[in-house]
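Structures for review follow.
Each of the next two complexes has chain A plus one more chain, namely chain B in the first and chain C in the second.
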Partner chain A sequence: MNAARKIGLNLEWLSDCGGCHVAIVDVHEKILDILGAVQIQHCPVLTDIKDYPHADIGIVSGAIRTEHDRHVAQEMRASCDKVIAWGTCAIYGGIPGAALAHSREEILQAVYTRNPTTRTNEAPHSQVALLEKQVIPLDEVIGVDMYLPGCPPHAAFIFDALLALVEGRAPKARQETVCARCTRSMKKSEETRLKSNHDGIPDPDLCLLSQGYVCLGSVTLDRCLSPCPSQGVMCTGCAGPTMQILTEPNRDLRTEVADRMSRLTAIPREEIVASMERSGKSHYAYAMASKMVGEKPTFLIRKWIAEVEEEA
Partner chain B sequence: MTDANPTGPPVIAGQVSESAPPAAESRTKTAGPMVVEVTNAASRGSAKEPLAGRRTVTIDPVTRIEGHARVFLDLADDGSLISAGLVVNELRGFERILVGMEADRMPLITARICGVCPSAHHLAASKAIEAAAGVTPPPAAKLLRELLYMGHYIHSHSLSLFVLQGPDLILGLDADPAIRNVVGVVEAAPEVAKKALRLRTLGQKINEMVGGRGVHPVTSLAGGIAFRLDEEKKRILTDWVEEALALGPELIGVARDKLLQQVEAHPELLRDWVVPAWNMGTVNDGKASLYDGTLRVMDEVGTVRDEFQAADYDRHLVESVLDWSYMKPVHYRETGSGEERLYRVGALARINCVDSMGTPVADQLLAGFRRDFGRPAHQVVLHAYARIIELIYAVERAREILADPRIDGETRAEVRFTGGRGVAHVEAPRGTLIHDYRIDERGIITSANLIVATQQNYACINQSITQAAMSHVIGRADDGLLNAIEFAIRCYDPCLSCATHALGQMPLEVLVRQAGQPVRSVRREV
Partner chain C sequence: MRMEIHEQACRGCRMCVEICPTKVLTFDEEACLAKVGKVEDCIACLSCTYLCPSGAIHQEDYPRVKNFYRDLEFCGRMEKFL
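Moving on to the complex of A and B:
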């Protein structure tokens, strides 16, 4: 080959939805530039290369849910010089990680043995990989060199990350929150009521917190360019928490949001905290499987979920 | 140790160890052909069961499908095929995960079941929670949702036709696996590839502008759509749709010609790969309808046997468990006799079920399809043809929606959850998708059940694997033709992410067993 050596790329997806791979295609026309600079090798969704050739870079999306996922993760680590944890599931467990509060048996019951439209009465038990006890983020199983959160990360971040790899520089890892690109203005209001997503029609210019909507934009890393609050939908934290929340034991989604929201509205801080605990499974869905969130001393997600389910 | 006997039963060619990794020399550092290994286990066989030999065929993983899986082939002592199946090896358990969450989050959370068809889950969930709340969204919201969805269809069917199946169609079933991918397509047919990628891009951009995001849209919520369409956006969307309409005919011609060329080169595809199944798809006054409508069931000779609403799905559709796979197949249960029927969903099933598409170009294509292949068609390779027809339908329908004056109206209705159950469906690109929730008076999910497209095709997929193994693998040693098994699976465009809501991934591996015992599972590794 006379041209400059292409960068070898292996890609894999573990327990996730595949959206992080579709998002790569969503760099649209620029995909052709990238294809010109890299050699895509193992990538089950695109190529027919079944083994794991040596690669400069490995992109792994998805968390570890089964023993098979663990094995594949190890294959990627062994074959790739650098491994990138790609997307929220790989980094924090993502939505599959919201199974944290449930045992493997409970999951198998819900899907197979106590499922309303399933007439058989057994769970699969031969030829399938056993479930791990919990959903495990990638870096608890293999070493990870870089992280790109997002559910999925917006194409702008993906393109920069891939370009950085091609150019041999560090990607621009901005630390802004979703608020940074949100066009709404934070104003003090007299709002007294906490609202759900479907509750009324939000004012298009005013911060959702000011209007009583529990938007997680201020505690969520921007890897999305803020589409949700811009369209009138609360941020649900899909790119995972900010570094501050991850690294400081006394900071947490509910305390940070409650502090901010109680200053912006007439809703008492304690009421907001209590409401977010009751809805803990929704608010912490994306990152609860991560030790950085799950092992905070005040994070009692199993208790909160159990209480909500008992009341049902 | 790559060795094969092309005609008879496997030859005695070496030794096997149950635990030993497969022969290292049969693998290469770079992409090599898939390996057919013939190994002899006679020295290990029990005295009661003299073995003529054992054969291990490995495709691991099945590639260019959405998720991870492997295939097993069960051989008798004489090397003949007993059974074959697709093992889906991932389980996430959304039925459990969703319980305890807020109902109004379902459109956002369930999109994460599948990054390949998130818009389908986004909309099915929106409709189901509205059904539980007894709310009908305003007409503008329904139109915007359908527009979002047409964008999604354009993206998804283009991806399936040109990126996942494209390499088989454009480069050939037996092309070198090292180049049998989208990069190879770009090199072999750069102009077509560019236009195909552009068409996919246009679909995804429409999906993104209406849905707020491409993968995992966010704007559909209980009661409608979160925003109102302004003139600027409408103008941009109209431009994109017109561009897609201009690209459509050429790309559709290429895709159809390539498909027919492959069929000509491999006549057994039309002749042997036939699964006479019932069909299920959505109709509205007999016409194609992807966002909403009545479920129609047609038997294998073309008689409409049933029409029902999604809310009654649990009276008609029944799941069962295979002990060797996380994916549950679904059968249609006949009213009265209670007999369970094999059925298919997805583009081919829909094309079979509808009386007409309802848009001009798509109806012309449908007429040609029916002239050539009849109604209903059962050849699995025709799934791709059906996708071509739906692709142009989606573009034409998007234009109709943008021209509908009702799109400018109110987009939100008020919603209150007072406790209740909601069931709703959409036609996902790969087939009927049903969401079923029970919601308490606090607005919390107390139970969730999901029937996704690929699991309804599962029984048909397993039949197709058997047919492909018979026509292209058993008794032959041509490595390239192992791709035929994968091609057969790809015809269904299976989505294992969806399938592993209760399933997740789908590269594939083939395990051969003999006399009921796994001979060996060979993973090709570096």
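Moving on to the complex of A and C:
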């Protein structure tokens, strides 16, 4: 490669909130270090290029929700040498992936026909891209070379990932969990009651698990620098599960949290598991569309939905 | 074999110290951190590594037991995580 040639970068945005693209700007002035070596080409929020010029690196955020998303993902694969699945939606389906708990018809009804703020009686048939049967993570449609989870990934990880690519080295990211960056101390307590997030004000120095709050920090990969638990908000698992949950079929979010929490408090393990199962859609929201979680023998949301539908 | 605990990541919960079957790990009361004691006693069951809420414990050069139930496709994908 000619040393003067800049690395071509295409960015694309599928079914997501747009936060992953905004997060790139969160790199602030450090982005200048990257822009010296990179030429941004196709990028819906920065450039007015509609086609897909050839690029060395393609960054794709968002899941495949519509037929248009699928088309765009394929265009990105064809035009980019390396494709990075950028953010939780692209890797696991993310929040849109929680639509797995509903049928396509239910979603169309909620958005169009039963939407209290519109007067439409039917879902549009033209001009809007048709919905895929369900939300699909990027790597089930196109080949993906690298993954950067996070909702969105913190600018520190983005900067290191981009710089690593520019410099051709391995990124420094560790495979630690959100607990690793949390500022609370994890001490044993006599707590006997599970609390919900609106139950009192948590002690600012003590681990949320020790206080009876179900925090997913210990089962979530750290790509955020732990802002939520450090500020008193329980981790909801937005960067997706840890490597041990992804690779070991019988380890699961609810059992791992319950295991640790029951060692820290006087709350029985079974009670924690049962409570997390009752709010399963919230706890599994970010990753349930991915086969990595959806096909685990411990993932029972599909079974529970089928049981409810049978009863109805 | 080598074993390390990432100090900044340790939350001081003592779970690793308690679960270790061969008492490899000790607890520094003053710093409120788990420490590696007799690493030569480690049988590489990895109980501490799996239980650690932070994922702060790392082993190297330990005798590997092959996990027949691991999903190789997903394990391969893990290597691509930035």
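Heads up, the rule we're going with is that the second predicted complex is superposed on the first by the 296 of 312 C-alpha atoms of A that agree within 3 Å, B and C clash if a C-alpha of one lies under 4 Å from a C-alpha of the other, contacts with A are read in each partner's own complex, and residues count from 1 in each chain.
By definition in this document, contacts are C-beta pairs under 8 Å (C-beta built on N, C-alpha and C of every residue); 3 or more make two chains touch, one makes a residue touch a chain.
What you see is a predicted model; the values in this text were computed from it and never measured.
**Q** Taking chain A as the common reference, can chain B and chain C both be placed on it without clashing, or not? Answer clash or fit.
**A** Taken together on chain A, chain C would fit alongside chain B, as the superposition shows.
**Q** Is A:Glu271 contacted by the first partner chain B, the second partner chain C, both or neither?
**A** After superposition on chain A, A:Glu271 lies in contact with neither partner.
**Q** Touch check for A:Ala129: first (chain B), second (chain C), both, or neither?
**A** In the superposition, A:Ala129 contacts chain B only.
**Q** Should A:Glu140 be classified as contacting the first partner (chain B), the second (chain C), both, or neither?
**A** A:Glu140 sits against neither chain B nor chain C.
**Q** Could you tell me if A:Gly19 is touching chain B, chain C, both of them or neither one (first, second, both, neither)?
**A** The first partner, chain B, only.
**Q** By the touch definition at the top of the document, which applies to A:Asp56: first (chain B), second (chain C), both, or neither?
**A** neither
**Q** State whether A:Arg181 touches chain B only (first), chain C only (second), both chains, or neither.
**A** second
**Q** Applying the document's definition of touching, compare chain B and chain C: which contacts more of chain A?
**A** Counting contacted residues of chain A, the larger count belongs to B.
**Q** Hey, in the superposed model, what angle do you get at chain A between chain B and chain C, Cα centres, nearest 10 degrees?
**A** Rounded to the nearest ten degrees, it is 150.
**Q** Between chain B and chain C, once the two complexes are placed on the common chain, what is the minimum CA to CA distance in Å?
**A** For chain B and chain C in the superposition, the minimum C-alpha gap reads 20 Å.
**Q** Would you please give the residues of chain A that touch chain B in one complex and also touch chain C in the other complex?
**A** Looking at chain A, the two contact sets are disjoint.
**Q** Could you please specify the touching residues of chain A with respect to chain C in the complex?
**A** Of all residues in chain A, those touching chain C are 84, 139, 144-149, 157, 160-161, 164, 171, 173-177, 179-182, 184-188, 207, 209, 217-218, 221, 242-244, 246-251, 259-260, 263-264, 292.
**Q** Help me check something: in the complex, which residues belonging to chain B touch chain A?
**A** 27-32, 34, 59-68, 72, 87-93, 95-97, 99-102, 104-105, 108-109, 112-116, 118, 159, 163-164, 167, 177-178, 180-183, 186, 194, 197-198, 200-201, 204-205, 212-216, 218-219, 221-223, 226-227, 313-314, 317-326, 328, 412, 414-415, 440, 442-444, 446-447, 449, 451, 483, 486, 495, 497, 500, 502, 504-507, 511, 524-526
**Q** Which residues of chain C touch chain A once you look at their complex with the stated criterion?
**A** Within the complex, chain C contacts chain A at residues 6, 8-9, 11-15, 18, 32, 50-51, 53-56, 67, 69-71, 74-75, 77-78, 80-82.
**Q** List the residues on chain A that touch chain B in their complex, please.
**A** Touching chain B: residues 13-23, 25-26, 28-29, 31-32, 35, 40-41, 43-54, 62, 65-66, 68-69, 72, 75, 78-79, 94-96, 98-99, 101-102, 106-112, 115-120, 122-129, 131, 151-152, 155, 196-198, 200-201, 224, 227-228, 230-233, 236, 238, 279, 281-282, 285, 305, 308-309, 311-312 of chain A.
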